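Each chain carries a letter (A, B and C) given by its place in the written order, and its residues are counted from 1.
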Amino acid sequence: MASAQATAEQVERIIAARSKAKLVRSLIYAVVLLLVAWSVNTTIIEDTDWARMGSVANVLESVAEFIGIDWGLFPHLLEPALETIMVATLGTLLGVVLCVPAIWFGALNITPFMPITYPFARLMMTLSRSIHEIVWALFFVAAVGLGALAGVLAIAVRSIGFIAKMTAEAIEDLDPKPVEAIRAVGGSEFQVFVYAILPQVLPVMVGVIIFEWEINIRRSSVLGLVGAGGLGLVFFRQLNTFNHPGVTTVIIAILILILFGELVSYFVRKAVI
Amino acid sequence: MSILSVKDLKVRYSASGPEILKGVSFDVEEDDFFAIIGPSGAGKSTLIRCINRLVEPKSGSILLYGTEVLSLNSRQLRRLRRGIGMIFQEFNLVDRMSVMDNVLSGRLGYVGNITGLFRLFSKADITRALSVLDRVGLSDHVDKRADQLSGGQRQRVGIARALMQDPKLLLLDEPTSSLDPKISREVMALIMEIAAEYKVPVLCNIHDVQLAMEFCNKIIGLQDGIKMFDGPTSEMNTKKLDEIYAMEVL
Amino acid sequence: MSVKAATPARSGAKSKQPLREWKRFRFPQSLYRWGGVLLGLVFLSYSVVYLNIPLERFFNMFGRVGTLVTERYYPPEIDYITEPDYLASVVDTIQMSYLGALFGMIMAVPLGWFGAYNMSPSKRFVYPLARFVAMSARSVHETIWAILFVTILGFGMMAGVLALTMFCVGFAGKLFAEEIEAIEMGPVEAIRATGANEFMVMVYGVFPQVRVAFTGIGIYTWDVAFRAATVVGFFGAGGMGWYLKRNILQIETYRVSAILVSIVVLVLIAEGVSAWARARVAKAK
């Protein structure tokens, strides 16, 4: 039968095509696997002090040391927790203030002098985002000394990039009609900004700020590691005194704090937007 | 002897919600092409989806080839499902997979995890898929992605997928509602031919009464979760239709 | 006026009547609003006092930062970051970042599955558990993970890789779950109706729908992991961070600034690669 013949051929062709696709895919997988194996070898197998680590039982023993909660520590965590929240909040707000020029210069449709101001804003955003908060904190500790101020500054500077980027994008996408309307009634550039641009951009900006604030709680919880106050400092102290259940306790406190942050941001979001 | 026998089927979607099916019973015989008609929201889809337990009924009984469907555990349920082909209004193809893979996915109830995961379908399965695709008239589109096909072609892929299951029963949930009238007729004709060829009974939700009268030999009229009519197509008339669709007319 | 003021919730329905008096916010919304603002301001000023923030130091900080940068950190010692030792640590950092991202994502796929409400095997137990695991992994900062692993396993890149893995599990796990929750359920149901088991339903009904998004998220995860990888070494978990710490302790400020420059450049490159790759993936959809 002719059609059966054709079908048999077709089956062969399809099976061949499928196994060829599979071969190509397996080759890619093999290359990736080799790369991973090489990296595992250099980063894990060769770079680990296996003797110090000891047997699996030793490792489990050290993990077991962390199990448990140091209830006595909780009262001493309230102040650092409050500090952490405060640093995150002040840092976020300062970040918003510092953002303004980056937003103004960084939105293509309102940047005052494109060849200079635009790249400048992009540079600000990039620097802010690409340097880790720990590094920023180290820098500000060097500049203003140990303490919460360094933390606030680090958080602020680290926040600029994201807030400015999202807001600038919102400005680039905004509806031009209200702008024309305000211009048409004779509004000044400033009035255009306040009455036509701000109302459109504010909801986006508020959302972004709340989002960033949540992240900043997580960040400010560790800045104490480099001397900028908050829960990180307590964490460090527990670790250095080998109070391992205390370490766990601090981590739980951080979790609670972040959960609290998520709750607050949920309600603020609902109230504002 | 009836193949499928549904008795006093009751369904609620939530404990406090309204009763969607209020005790429906009917029997499907070996060579039946059953149409379920009724106004929107009557519970047609719910009824069909109870047969393979995509919806869990609250009480009642569904006997399929002598097995009580409602008392199966999940492994037995999967066994049962692989023998029931289902065709959907929205086709429910996996858009980003090729036509071939969509059709082959009809075999998933029969193959193991490894075969499925790496798509190592047997030669027999592929041969079968090709002949089924040939049967529904799609042999030229085997390697296309599902989202490159027209609506009628996509429904044909859906039919092919159901046929891959080697079904003992076909469930159709408004197979033609997303298609234009001409294509609808073609698809219904195709399904009818195939059902006769493969000797599978069919249970088909359908909105279009005319299509139902044309292609089906028996009709169930459903209104607000209650069976209003059950009998051969020849006994259906305008008066009874008006009764079934009373809600819509009013 | 008094009636209207007492039922502000229904003012929308009554707005067809001409208003005799118009105010931006009416009682009691006005009270909530101004109360909220006031509370915020009080909290802020209290924070400044509570944290002992020296405002005068804040205001003359800009000058100090300026002199600090120009005198102590400029010019960066570029020779230092082209030394083979340092370059090797860059390679280490890159390796750590993609291993962490890869391991994290391998674990994040089941976590995303179990933590997606529509596909989770059990909405009562598995779903909240998976969500909690993802949230915890994400909430604990990568540096804390690094310190914990260094404490348990000793110095070295293994601790770094594991720390990044934990971070990526949480990061990608959440995004994966959200992506799975947004799929169309039709194909899932169709695959289920063929008698496939839940694993096959994932492979055939869900995975093809989220593959492109997962790839994009994966690349993005790597990008974020790379940023984190530049500092985990600071706490002994391998990579460039260790050089940063050593030079800070030795007050080699020109070297520190050179390292910072290298970090910025590398992160920029990583970001570029990631953006390019994501665009490619999105187009290949």
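By definition in this document, contacts are C-beta pairs under 8 Å (C-beta built on N, C-alpha and C of every residue); 3 or more make two chains touch, one makes a residue touch a chain.
Treat the numbers as computed from the prediction; the structure is a model and nothing was measured.
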Pairwise touch network: line, ring, star, complete, or other: complete
Chain pair with the greatest number of C-beta contact pairs: A-C
Furthest chain, CA centroid comparison against chain C: B
Separation of chain B from chain C, taking each centre as the mean of its C-alpha atoms, in whole Å: 46
Distance between the centres, which are taken as Cα means, of chain C and chain A, whole angstrom: 3
Mean-CA-position distance for chain B and chain A (Å): 48
Complex contact set, residues of chain B against chain A: 100, 118-119, 123, 126-127, 130-131, 134, 139, 142-143
Chain B contact footprint on chain A (complex, rising order): 3, 7-8, 10-11, 14-15, 17-18, 22
Touch list for chain C against partner chain B, complex: 186-187, 189-197, 199-200, 203-205, 208-209, 211-212, 285
Parts of chain B lying in touch with chain C, wherever the complex brings them together: 52, 54, 78-84, 86, 88, 90-97, 101, 105-110, 113, 116-117, 158, 161, 165, 171
Residues of chain A touching chain C in the complex: 36, 39-40, 42-44, 47-49, 52-53, 59, 62-63, 66, 82-83, 86-87, 89-90, 93, 126-127, 129-132, 134-135, 138, 142-145, 147-149, 152-153, 218-219, 221-222, 225, 229, 235, 239, 247, 251, 254-255, 258-259, 271
